[in-house]
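Dropping the structure in here first, questions after.
Order of writing sets the chain letters: A, B and C. Residues in each chain are counted from 1.
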Amino acid sequence: MSRKKLQDKANLKVLESAKKAGIETVWDRFEAQAPQCGFGMLGICCRMCNMGPCRIDPFGAGPKAGACGATADTIAARDMARATAAGSASHSDHARDLAMTLIAVGKGQTQGYAIRDPFKLKRVASEFGIEVENKKDNEIALQLGQKVLEEFGKQEGELVFSKRAPKKQQDIWKAQNIIPRGIDREVVETLSRTHEGMDQDYKNLVQTTMRVALADGWGGSMIATELSDILFGSPQPIRARANLGVLREDEVNVIIHGHEPTLSDVIATAAQDKELLDFAKAHGAKGINVAGICCTANEILVRRGLPVAGNFLQQELAILTGAIEVMVVDIQCIMPGVTQAAKHFHTKVISTSPKASIPGAEAIPFHEDKALDTAKHIIKLAIENYKNRDRSRMNIPKESMELVAGFTAENIFYHLGGRFRGSYKPLNENIINGRIRGVAGVVGCDNPKMGSGAHHVELVKELIKNNCLVVQTGCAAIECAKEGLLRPETAYEMAGDGLKEVCKAVGIPPVLHAGSCVDNSRILIACCEMVKEGGVGNGLDELPVAGAAIEWMAEKAMAIGWYFVSSGLLVAFGTPLRVTGSQALTDYITKDIENIVGGKWTFIEDPIECAHAMIAHIDKKRKALKLQPLLYAQSFPVQV
Amino acid sequence: MVQSKKIFCDITRCIACRTCEIACAVEHSITKDLFLGMLERPRPKKRAFVFFLERDVSRSTACQHCEEPPCMEACMSGCISKDEKTGKVDIDRSRCVGCWMCIMVCPFGIISRDITDKNKALKCDLCPDRESPACVDACPTKTLAYESRDEFLKRIKQAKKVYAHSHKK
Amino acid sequence: MPTHIKNNIYAIIGNSAAGLAAIESIRRVDQSSRIVNISNQPQRPYSRCLLSYYLAGQYDKDILWIRPEDYYKKYDTEVLLNTAVTGADIKNKTLEISGKKKISFDKLLIATGASAKFLNIKGADKKGVFVLRTLEDADGILRMLPNVKNACILGGGLIGLRAAYALKRRGVAVHVIVKSEHIFSQMLDAEAADIMRQHLEVNGIEISTGLEAAEISGKDSVDGVILDDGNRLDCQLIIIGKGVAANLGIVKGQVKADMGILADERLETDRKDIYAAGDAAQAYDVLEEKNNVNQIWPAAIRQGKIAGLNMAGEEIKYEGSYGTNSLDFFDLAVMSFGVVKPKGGGFEELIALDAKRRLYRKIVVKGERIVGGVLINDVERHGILLHLALQKIDISDIKDILADEYFDFGKVIPLIKRQTNLFIRPEYKDTCVTYSPLY
């Protein structure tokens, strides 16, 4: 089933040879899992205690409660809260590591790192109440790092970045008691509340779910984005290429895969080292080619314009090209299948995080104080491995696509208004006058359940056709990049007339790549800026904006989804959250919750229908704001 | 005579996940979709049941399509028939009056009362729209098989040999 | 497949369950002989048991025809409908039909069924007094209905209460007069009867127990019934549900009979080549452990089938009969089998009652064997228990869970493993082939 939906020619080519060689990939293993457990999919399998596992009969004939008496509502809500907490924890722990790096930079204990955006350092430090006048960058960095760390351990009060939200959202959060107090506290409290015999009211469990998610969006993720910008430089629009075709036949190919820019940035630096380049040449290679996979790819793409080898589902395929000397991985989304695939080739998999030990990979722990040395060591290993590449089995697809990436909440400012009159005014004005219908975020993972990312492409095409400006992050962005949607020239052709006019006038593509999955926080900021600019609503929930992670798979996606919903936006997932075994919970988060926090969920698998639902939501918001009718478009009667 | 096929269950492989039950209900829903089926009224119903024999031992059981079906003999509206060729025992819903005589005499207790849908007797129909029944296709541990008795016994004998062999070592 | 061409004449009197089952089983082993089916009813075969469903208006008349129109053609059977058998010369193997024509036979099956018992009280001949046994009865009642506001049912058994349920569904006010202290006195024990009575009363059926009709009043037509306590109930319709009696008429005195024609384990009577099956027959009751009439559909089909095979020269032993029944009123199902009200010693009763959910389970055990049971509401296990009883399985290992809410067929499988020879059906063995790692 899933294979039929595979679209990417590069993938097909590699998979064909993998099949011949009898090597398994995620699609094979996914098919072997079919059919997947319905109790799990519906969220009504409870493993919270050892009286269980208990299951609720979704069709009503069998058990209606677990051994403890928990109903489908309680069980599904607990499961959802825990998964969201795990997602929130993932982004936040990533952010914590960056804060540690910032402190190390402040103390001068690093190698290969520096403050690359001192302007942002000062701005963020001021937000945290740090005096920045007449202080050295290092001093500020140290203080900021320590202040940021406090965000994790705080027990009371409010997260600093939550004040970036419009007053309306802050008021709603206060009223609902969902302003995150400290990042770790919210995760811990969610885990505690979902223990056996604790919180049993699904509505109350949704409350903790929202708070722990907000601790991600306005905490962990936003911190990660801001600190990454400070440490590695704020992105600027940049041209690059994506897909497996970026691998080079005659160069040493190093893949960096995972999430933290701490690793990828320094490896990218090391790869430009003259000595190492000479070393590579001595080994018969023409150069060193560093390419990314997954969100690491996005981090180095938006800052350095390095090529993107692929997204989540392509991690094994990269190895199956037979042309990878070393794949360096850190944390999150690294499939155990990678080392299995690597066994069939000369490829070395190197794990660098003590938090993610990977059997079959060589562990080379990464420390800030020796980062560059470690990076050089890894590149050297790759060069030495070059001679082991079996050229007869090498199968690099030709496909790669040009793209433009690197848009942020700050720099889009200048693109919209021009450097000297930077402002969101042009965006808001064009929404108000009906050239742009609204803004849609298309983000998240790619999932073999739905093929290999094609749903994102269909969704984005339909959205821009209907004059929605699309903002992308994560693996969804890479998928659309491969299909050329991030190439302005291509996207203009597909965009609706209104959107096309605006984009051409101000010089932005209709589909904006904003970074990795933690960078979804950039979308929050951009939305706040739209509210600040005025004319399109007093709160995030009033904006003609909607988001989708149609191929979501990670718990992180649940946290992202929930922080957008809690911030007042519509979020569409393709396959539903694991809640549909509880009618009450499903109704609550897809309907009733809109009256509470302004946002809500919708679950639509078909990308076109999903686009139409998002458009209908945007149109609903436009109507409520009494904006001018669209200049060029039909409307959609779909109710969500 | 060619033996007719039916659903056989290898008890040693059943882990009681009840996937067969869900697959059965979904196959007999209108939309044939888990998520949409949840919204159907009346709700789709399963005709396969995971029965526990003793602790940690279970088996998925549906209509055995008996050689001499007691339900067919008991049915006072004559709505139960056995196909001579396929061996399938079928209930003609249009003629079932809900007297439950079939339930009264089923040795396996696997006929249900479909009270929310016109009061008809409900049991395994071997999935007429499919080549092999949904429960069999859905079983993640290959506990269930749609085959003849001889095929089943032969296969089990083989597995037993392998098992005995591996335990000798 | 027949080993040689047979040239018999099989005469089968009666075309309900037993008669039809016999025709079908004979044709399975003998495609060449003549079969003559004689019935006094004018219609093609129909199911008497469904008459109350037809009367209730739940289904139209079509539901009654249990065999297709071309049935007799398909089974190559000569049929004489609307034909009374007026005499039988068993010695010379001839039947006399409608007082003149003679039919010779080699083998005869008496599947003449039973008739409803009538009530011999004053006024019972008035217009508006019915039994519910034939299609004519049901149609007669239906013709009356437009003028009926109140109906009285005399008898609290299966037919009486099914008729009451049917009339209630038709919007008639129904009052059931029961002679015994409890309804369903044959089929249920007192506890189960009380649960059912309460359920029926909640749903608007009036029931009086310990009373009997003394006289039916009215001019030509019924206008009321006078009870033995002197009270009078107004009604325009009376249905008598006092049970049925086997139709022995034509062979009376020629074959040995008790409450029904005595049939041996081949379902042959004491006269060679004369067989009996169905409501007219009396066979060994394996649960009551005595000769008994069990006038129920499943027994009639089974007996007809076995009798037919034996008539056609097979040697098939009848497992014996048993009493069992299933009823459903206003979505509450009740079933019972075998001994439900044990008399004498040696019985043990396993009982589970949840009055709120109207769940009742009673299993009667004697000598570690199940001999009877009553189930209300969760009736799905009934067949499992019934077959454990019929096969005389030693249930001591699972006695403590038999009446348990979560008892199901799974719990029987260990017994199959241990008492393999007692479990006759091949399907039983299929279910436990792989039970235990060593099989």
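Definition applied: contacts are C-beta pairs under 8 Å (C-beta built on N, C-alpha and C of every residue); 3 or more make two chains touch, one makes a residue touch a chain.
Everything quoted here is computed from the prediction, not taken from an experiment.
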Chain nearest the overall C-alpha centroid of the shown protein atoms: B
Contact-richer chain pair [B-C vs A-B]: B-C
Chain A and chain C, separation of their C-alpha mean positions in angstrom: 70
Centre-of-Cα separation between chain C and chain B, whole angstrom: 29
Separation of mean Cα positions, chain B and chain A [Å, integer]: 45
Residue list for chain B, restricted to those that touch at least two other chains: 112
Chain A residues touching chain B - in the complex, by the definition given at the top: 33, 35, 37-39, 41-42, 55, 57-62, 576, 580-581, 583, 603
Interfacial residue positions of chain B with respect to chain A in the complex: 17-19, 21-23, 25-26, 34-35, 38, 43-46, 112, 137-138, 140
Chain B residues touching chain C - in the complex, by the definition given at the top: 6, 8-12, 49, 51-54, 57-59, 61, 64, 66-68, 70, 73-74, 76-78, 95, 97-101, 103-113, 115, 119, 149, 152-153, 156, 160, 163-164
Contacting residues of chain C [partner chain B, same complex]: 17, 21, 47, 49-50, 53, 58-59, 63, 66-67, 297-298, 301-302, 305, 324-326, 328, 331, 333, 335, 337, 379-384, 386-387, 408-411, 413-414, 425-428, 430-435, 437-439
